[in-house]
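Both complexes shown next keep chain A, but they swap its partner, so chain B is in the first and chain C is in the second.
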Partner chain A sequence: MNEILLLLADVDFWVAVLRIATPLIFGTLGVLLCERAGVLNLGIEGIMVAGAFTGWLTVYLGGSLWLGVCIAALTGALFGMLHSLLVVRLPLSQHVAGLGITLFATSLSYYTYRVTFPKVESPPKIESFAEMNWLPIPILSQQTPLTLLALALVPTIGYVLYRTPLGLALRAVGENPQAVESQGIDVMRLRTGAIVAGSALMGVGGAFLTLAAFNSFFFNMVNGRGWICVALIVFASWRPGKALFGAILFAFFDAAQLRLQQSGGGALPYQLYLMLPYVLSILALVLVARKAAYPQALMQPYVKGAR
Partner chain B sequence: MRLEPRTALSPLTTLGASLGAIAFTLVICALLILWANADVFAAYGAIFNGAFGSRFAITETLTRATPLIFTGLAAAVAFRAKLYNIGAEGQLYVGAIAAVAASIWMTNDAGELGLPLAIAFPLMIAAGALAGALLLLIPTLLKTQFKVDEVVTTLLLNFIALLFVSMLLDGPMKDPTAMGWPQSPTLLADLEFSKLVDRARLHTGLLLACAMSIILWIVLSFTRFGLSLRAVGANPRGAAFAGISVNGTMIKVALISGALAGLAGVGEVAGRTGYVTLDMSPGYGYSGIVIAMLAGLNPLGVALAAVFVGAAIVGADAMSRVVNVPTYIADVIVATALISVLVAGLLTQYKLRWR
Partner chain C sequence: MKRRSLLGAAAALCAALSVSLPAFAQTKIKVAAIYTVPVEQQWVSRIHKALNAAKDRGEIEYVFSEKVANADYERVMREYAEKGNTFIVGESFAVEAAARKVAKQYPKISFLMGSSGKPQAPNFSVFDNYIQEPAYLSGMIAGAMTKSNKIGMVGGYPIPEVNRLMHGFMAGAKETNPKVEFYVTFIGSWFDPPKAKEAALAQIAKGADVMYAERFGVSDAAKEKGVLAIGNVINTQKDYPDTVVASALWNMEPTIDTALKAVKAGTFKAEDYGHYSMMKHKGSELAPLGTFEAKVPANIKKAVADKQAAILSGKFTVKVNDAEPKSTAK
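What follows is the complex of A and B.
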């Protein structure tokens, strides 16, 4: 008990929590935009890999860090475009198209990495984002600007969703696209826009890994973070504020298991600690599943004029 | 741009769409090969030769295809019922480790098989299938009882299953003679699948896989259960209205799908490696989904699609040793093929009208 209290009072611990949470915040907000518009985007895992890769490559080739972030967002947007072509313009299964995008984006990134760096023993490094030491806020001052961006996006997306006509249309298109069409709004355009914007966020989430958390690109670095975001959005009942809370909660358990692993001194197999966040995610899903208010039109392709 | 359902399906359209998908895939990957500064025809030639060019190459391709048929069938049967089992990777690993556990359990003090082979062999296979089935049963029950979306839970269970196997390989199922590598003890030699041809790794697991795809095709096409499975997939409400137990069907589908994925693990451990390591599957579980989709969820097509994917992997491996193109081209070929086949399949059902 005492240990847990000490942990909660430890600034370094919370710094780690926020660092782990950042890519999840980007990713979960990306999933939120897609799913609120009625589209499942299982491409997230691959889009994060692609964003991590292109963002890093841009900086490695001499671009600035922020240019890297922009290129990562652009990469995400392009794969989002492809996804929306498959599931919005064409009524393909959203599950399958998303998994296809993940495979495509991942393999393309790995292929490009190997073509560009045929024989490297250790992954080439870049100068990654520095901590914001100038900031007079305790935990935030040890984070990179990307974390600040992620935190700022939460109220921004909340405002757009709940306080603007665009947000209203976006939420409606995930619930009842026919009604939106009857208001003279182009359902396909709106959904495409949401997927492209959401995928761009996923790309930035991936780029955080190579531009802030680490300083190089390596295989399997995304390691299921994208899938976690797809779970988190259900837990967050598709709300930006709760998405932030969910991401931080997950990061809390992930950081805690890392600490416990170190302090536990091998009393339990380390794999049990690593399992903990995944097991808790599933438990959280079970708890919220009964009252989960899925967007009504989620995973239903919209064919104009069809009922 | 809008879609108009085709009323009549001409074979010419189907043929054109399939050829178009193949051509599109070849062109996209040719551009990527050119970008790697390699000769496109040499690269494609090397891939084809590496996959089919010799007796050895063919056996290697089929060896690769064997686990892929199992995981492809696992995905196909589940997706037919709209049970999105993305957890075949984890089910494969628990199936493999259960087969080894069964082998250890059946070993007597003298280090020999303690049971007659006619009992022990089916027991080992059943253990692997059961382990896979039980692993998929968890998210399926969560789906039927608590309405938890199975896509996410099966995905997350992959990570949990792999960590669980890793824990066993570090603890109770560690091979003490493996010099500290996390590796399970070796399966009893009696229990290994026999080889199909001399001086090659191809094993009887392939026959089991092919038998499974034929059995599954018959079950899906000609039995009452197959009909209710397809009905649940096509329209769960309608199926329930017709008196089919949707949840009951889902659970049976889950047991079959998980068992098939578990068999993929049994085949790998009893036919190829002999022991379980944490890198025994380079994502066979995930490839299974791609294969099922390439095959249009048809069990017979799964076998063909698995050979295609197996050939891409084996061929690209051989090619990268001759031509300077990374092996990841195999995954790009498969992913591009998947996307173009999906689009081509759709275009056989709909006409595109540009306004």
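What follows is the complex of A and C.
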């Protein structure tokens, strides 16, 4: 117990929490945009891999870091386009299409990586984002600009979602697309736009891993972070503020387990510590999700004129 | 007409191939390797390097598959066996039963597999990374270099191949510095450098000033925070010239070359190639100190050199301990 109290007062700990949370914030906001528009996007895991790869490759080939972020977003957007083609236009199964995109994006990234780098002994490195030492805010000054971007996106998306006509239409299309159509708004285009924007965020979330948290691309380095976002959005009840909270909560448990594990003296098996963030998140999910209101039209394809 | 000439050409080609193929096979051994991880992974990169070297010398034809899932391993083994490869190298840690079954069904093919198990007659040999000796030596240096008497270790999973190196390293550190304590963290993944880095940063925040870099990401944390790191399996000093003090290197060349010689001579049989990874056979070594040549105290360098001589002459044996290492620091 004392250990945990000490952690709470430790600046390094909170720096780590925010750093671990950043890709989850991007990813969860991305899922939020898709699902608020009524579309499940299980392509997230693969889109994060693709974003991590193309963002890193751009910088490796001489582009600037921010260009890398843009290319990662573009990559995400392209896969989002593909997903919307499959599930909005055609309406295919959203589960199958999403998982298919994850497999496709992951394999394509690995394939391109191997074709580009057939003979490397250890993965090539780039110069990654530096910490913002110029910032006079304690914990934030030890983060990279991408974390700032993630944090800034939360109120921005909240504002667009709840204070603009576009946001109203977006929320409505996830609840009752017929009503949106009756207002003369194109459901297909709105959903496509939401998926493309959401997938772009997922791409940036992946790029954080290769451009800020680390400086080279590894196979499997996304390591399930995308799936965590899919769960976090339920915890967040599809709200941006709560999404931020959920991502930070998960990161809190993860940062804590790394610290408790190292000084636990092996009293408990290390697997228990590794489990901790997942178990506690599931627990939190159970408590919170009972009140969670799903977007009513989630996973219901919209076919014009169908009754 | 056209069709006939095509057929004729094809027949000629076949004839040419059938003449040239056996002749070719006599000079070059057809080798296939099957890896469960990408060839950049430290462990596999050493095997890949040794086989590539043999290929560059013109001794073998070399094909490989990387990132083969355990569920696909048996199928890929069979495919390579059917394609006429005579020597198959791989890692059967997670697929022992299946790999051994395949080996039994292809008695004419020689198998050399990374394995914690025993060889299986007549054609299934095993190897493993027994590099606890240089790990011990690198530990001696680490023990001398730490000022806080706290050493951090971040690993993927506590499997024997990781544990024995960590224990060798810890024993070495204790020899030069009995007061030293260890932080041990496992991250539950082979490929999550951001997470390995987080774990390392957490240990550094608690006072560790020498990091044992079992995973990618640990040296990066050490570099960022200005502490030292000890490399493992590969030499990464050129990427971290002011961070990586010493590295315990694994050389697969002695293992591969000995096995290739046996395959060529037709004398390959089920053997344990493990000892070819030891220092005596140059299967492992302490990397040159390089940028830290002048920074490591002379008495420590001498102690390490003496210990190395004792290991080589057989007077000192580093204990192989495959149990899971635990944190000793609070």
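The definition used in the following text is that the second predicted complex is superposed on the first by the 307 of 307 C-alpha atoms of A that agree within 3 Å, B and C clash if a C-alpha of one lies under 4 Å from a C-alpha of the other, contacts with A are read in each partner's own complex, and residues count from 1 in each chain.
Going forward, a residue touches a chain if its C-beta (ideal position, glycine included) is under 8 Å from a C-beta of that chain, and two chains touch if they have at least 3 such contacts.
Note that the structure is a prediction, hence the values are computed from the model and not measured.
Student: Of the two partner chains, chain B (first) and chain C (second), which one does A:M221 touch, if any: first, second, both, or neither?
Tutor: second
Student: After the superposition on A, what does A:Y110 contact: first (chain B), second (chain C), both or neither?
Tutor: In the superposition, A:Y110 touches chain B and chain C alike.
Student: Quick one: name whichever of chain B and chain C touches more residues of chain A.
Tutor: Looking at chain B versus chain C, the one contacting more residues of chain A is B.
Student: Where does A:S122 make contact in the superposed view: on chain B (first), on chain C (second), on both, or on neither?
Tutor: Only chain C is touched by A:S122; chain B is not.
Student: Kindly classify A:A200 by the partners it touches after superposition: chain B alone (first), chain C alone (second), both, or neither?
Tutor: Neither partner.
Student: For A:L42, is the partner it touches chain B (first), chain C (second), both, or none of the two (neither)?
Tutor: A:L42 contacts chain B only, not chain C.
Student: A:L274 in the overlay: touching chain B, chain C, both, or neither? Say first, second, both or neither.
Tutor: The answer is both, since A:L274 touches chain B and chain C.
Student: Touching A:D10, do we find chain B (first), chain C (second), both, or neither?
Tutor: second
Student: Can you pull the chain A residues that chain B and chain C both touch?
Tutor: On chain A, the overlap between the chain B and chain C contacts is residues 110, 114, 271, 274.
Student: In the complex, go through chain C and note every residue touching chain A.
Tutor: For this pair, the touching residues of chain C are 37-38, 40, 42, 45, 49, 67, 152, 158, 183-195, 197-199, 201-203, 205-206, 216-217, 220, 234, 236, 239, 324, 326-330.
Student: Going by the contact rule at the top, pick out the chain B residues touching chain A in the complex.
Tutor: Of all residues in chain B, those touching chain A are 1-3, 32, 35-36, 84, 86, 142, 146-149, 151-153, 155-157, 159-160, 163-164, 166-167, 170-171, 286, 289-290, 293, 324-326, 328-329, 331-332, 334-336, 338-339, 342-343, 346, 350.
Student: Quick check on the complex: what are the chain A residues that touch chain C?
Tutor: 10, 12-13, 16, 19-20, 110, 114, 120-123, 125, 209, 213-216, 218-221, 223, 254-255, 258-259, 261-266, 270-271, 274
Student: Can you name the residues of chain A that touch chain B in the complex?
Tutor: Residue positions touching the partner: 40, 42, 82, 86, 89-92, 95-97, 99-101, 103-104, 106-108, 110-111, 114-115, 118, 224, 227-228, 230-231, 234, 269, 271-272, 274-275, 278-279, 281-282, 285-286, 289-290, 292, 303-304.
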